[in-house]
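Going by the order they are written in, the chains are A, B and C; count residues from 1 in each one.
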Amino acid sequence: MQNKWLPYFLLLPATLFLLLFFLYPFGMVAYQAFATDEGVLTTKYITKMTSHWKFKTALSNTMWLALAVVPIQMVLALYMATIVSKLKKGRDLILYIWTIPLGISDLAAGLIWLAILDQTGFLNSLLVGLGITDQPTTFLGYQNKGTIFIAVMLAEVWRATAIILVILVAGIGLIPKEYYEAAEVFGAGGWKRFTKITLPLLKPSLQTALMLRVILAFEVFAVVAALGGTNLPVLMGEVYNRQFVLQDSHVAAAFALLILLISIAFTLLIMWLLRTPKEARL
Amino acid sequence: MSTESTVVTGNQRIAKWSVNISIVFLCLWVLVPIYLLIANTFSSPAEVNAFPKRIYPSFDTESVRFFMNFYGVGSALWNSFKVACLTMIMSIAVGAPAGYALSRFEFRGKNTFRVLVLMTRAFPLPLLALPLAVMFIKVGLDDTVLGLAIVHTVLALPFAVLITFSLFSGVPVELEEAAWTLGCNRLQAFIKVIFPLVLPGIAASAIFAFVISWNEVFAAAVLTIEHRTLPAFLLQSLDDAPLHLKFAGGAVLVVPALIFIFMVRKYLFSMWGIANR
Amino acid sequence: MAQITIKQVAKQFGKTHALHSIDLTVADKEFLVLLGASGCGKTTLLRIVAGLETATTGEVWIGDRRVDKLAPKDRGIAMVFQNYAVFPHLTVYENIAFGLRMSKVAESEIDKRVKRTAGLMHIDQLLQRYSGQLSGGQRQRVAVSRALATEPDVILMDEPLSNLDALLRMEMRTELKSILAESDTTTIYVTHDQVEAMSMADRIAIMHEGNIVQATSPVEVYRNPATRFVGSFIGNPPMNFLQAKNLGDGWFDVCGARMQGPRHDASELELAVRPEDINSTDSHGEGDWQGIVKVVEPLGSHLQVTCVVSDQQCRVVMDSDVIVKPGDTVNLAPVAERVRWYDANGDRVQ
């Protein structure tokens, strides 16, 4: 059959789509961050971004959130994945329940935790009901940046652990059972099997999950908006403010470029840290 | 000897129970917050704003009705639905042929394309909304359902390609070849043999694309003004809307997603299989 | 008339040469078996005939039509795949009817033909089932019925029985042979199983590393292997090969015995003889060998005895009531007219 051109023909729409709406626009972000509407190159937008008082706070909040959330999620997901992989009864049901948050948007997750942590929310109802406190506590007020931070952490761990779980369960599924049986024959206990077989063979999946999750962590936005409003500035929120509220699209682009560069840098870093030589793969 | 073996079984029993407790706790950890949101939604506005709160709903539909009749909600819902459907159609129409090509052919540039697809993973895609906002103004797509659907398709396309790739790879080439030897041309073999076999999977990846679009907040908020989707509408109302409106809105966002994830649960894993290689 | 002519067909996958310039003619209604070890290019050749693979060079003719540029559907062929390729979303009935529907055969005719071919393959009870509800053997039958139903000029089969267990394989072998003998199709049948090849074929084409080394009747292949490779490949236990020193004038020294062979220039040839063509005799004659028994394997109908003859290994088939044990010295008399000779290249010397 005359197949030579068919694959190219089939790939053409997707390729054009990605070139036009993915690669090219990201090129434009960089351009917009450095060029005025008249096309004059300038660094004034970058300066404007870095000199704004919110810049440092937004940057450090975003980084600290990622640093606080992602390790918890990785460990939790790994624990959940090992439980699931050993289950015989009810595996599908439990897996379904644990992956539910995958379908829930960040905004909805924020609202869900707002219902719990709001001043009139369920947590306060519980605390007062049990007599632990006698007044509802304002967890999410502007004076309580720390509790807002913890609230966002909770919501993020709640919402976005599922995506790691799915990747890890798929990865564990690829590890042949014989390896475990062989290790058991040699007398390796549960923990040994986990550290000597599961972890090393799961490295490519861990890499994928970590990359994906870290990038999503830098995009944190709607959860923060729902729980903290503008009390906890994050980078993505600043992009939104600049673009939509302040109509200052060049500075927005500068923020976007910053997020982009951080994301790419971390992707490369994770790829390098968790690299697996080709020969050592499954 | 006998004491030792009882120690072992005792340890094993403790280990087993700690796992069971973990499972129950983690299930509650996922389910209770959702339940609380739903409970809030089916309470009257007065109850929602009252303190302390009951943890069971009064099954009052006042909040839901208030939400549905709130100015802008109806059209936001409708816009969300339109954008999600368009995203679903575009991502499958563009992604499935690519998935098929990747699964069936060896050709130059195959790897380059895969890198292009996987590269989307390293990029914070919602940021695309910024440059595309500029581009769309030039071509008249600004503040349109189609424009937003294009951005959402960029988000959903990598998944569509990866899922359909694994679907098509799961259909033995021999089935297709058997069809050819029995009188089909390529297209006929695809329609009569491959398509019926992958249809459930295609539906799942379409649904997944729908959910991605349905949930997306940032690009929707940046790119639309008149044609707000529900998440964009809710984001805008965060500052001033009453609690019962927020919660009802959250529930309306969550419920379709729950159903959809239930429908696609079988395919959740094929999306990531390829990424591990 | 569906004679298949393969002219100088070669196939390269990147740097690997899967086929080197193959020439082969399959006569109308003939049952030709392509036999060879795994990886020798059988499947590739079959797929080139089917149109599922494109030859790098060469031509394929079916009847008087050149088909190598045609799509599989236009070649008048049907194919049975190793893994059966029964469509899982269609019933057995619809599977068998598939090809007929594609060629727009009338519904009543389809029904007739589906029932007839299903009857032939003894699957008429299964017509409403799906592939998931069938055993391997039943799927195999569906695949063959589906191929037969279109009444093709040519049926191509790629190791159709290799996924069945031994007993079923033997049963299907006999059945397939009788059904295909009755139909008017030309068949190319690929297998790596020599018993299958010997028992089913009108003609066997033996492939080795992308070449056809011999294409002739099963008996001929067995008796007169064209090359050393064919001799060693066909037959179980395999043919014995012994060094023969050329003494000139057509005489050779083989394991200490003087034997008459072909006239040849080479200082050394190889003598080949099948284990059942060596008699163990009581008296020592000219041209006999002295062997020392190493291993005795009783196989019920006969004994398989491995001897050492002048430091070379030689297998002999003996009657099951002969009493031998390791260490015994036996007198071995090769049947002169069954002895074959090969040169250093492995080609037969007459």
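Here, a contact is a pair of C-beta atoms (placed from the backbone, for glycine too) under 8 Å apart; a residue touches a chain by one contact, two chains touch by 3 or more.
Every value quoted in this text rests on a predicted model; they were computed, and no experiment measured them.
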Closest chain to global C-alpha mean, per-chain Cα centroids: B
Most remote chain, CA-based centroid, reference being chain A: C
Centre-of-Cα separation between chain C and chain B, whole angstrom: 55
Chain centre separation (chain A, chain C; CA means) in Å: 60
Centre distance in Å when chain A and chain B are each reduced to the mean of their C-alpha atoms: 15
Multi-chain contact residues (two or more partners), chain A: 1
Overlap residues in chain C, where contacts from two or more other chains coincide: 51, 71-72
Two or more partner chains touched - positions in chain B: 180
Chain B residues touching chain C - in the complex, by the definition given at the top: 172, 174-175, 177-185, 188, 192-193, 196-197
Complex interface listing, chain A residues touching chain B: 1, 3-4, 6-8, 10-11, 13-15, 17-18, 21-26, 28-29, 32, 79-80, 83, 86, 92, 94-108, 111-116, 118-122, 124-125, 128-129, 136, 158, 166-167, 169-171, 173-174, 204-205, 208, 211-212, 215, 218-219, 221-222, 225-226, 229, 236, 239-240, 243-244, 249, 252-253, 256, 259-260, 263-264, 267, 281
Touch list for chain C against partner chain B, complex: 50-52, 71-73, 77-79, 81-83, 85, 87-89, 98-99, 102-103, 146, 150, 156
Residue ranges of chain B in contact with chain A within the complex: 19, 22-23, 26-27, 29-31, 33-34, 36-37, 40, 49-55, 93-95, 97-98, 100-102, 104-105, 107, 109-110, 113, 116-117, 120-135, 150-151, 153-154, 157, 161, 180, 186, 211, 214-218, 221-222, 231, 234-235, 238-239, 243, 246-247, 249-250, 253-254, 257-258, 260-262, 265, 268-269, 271-273, 275-277
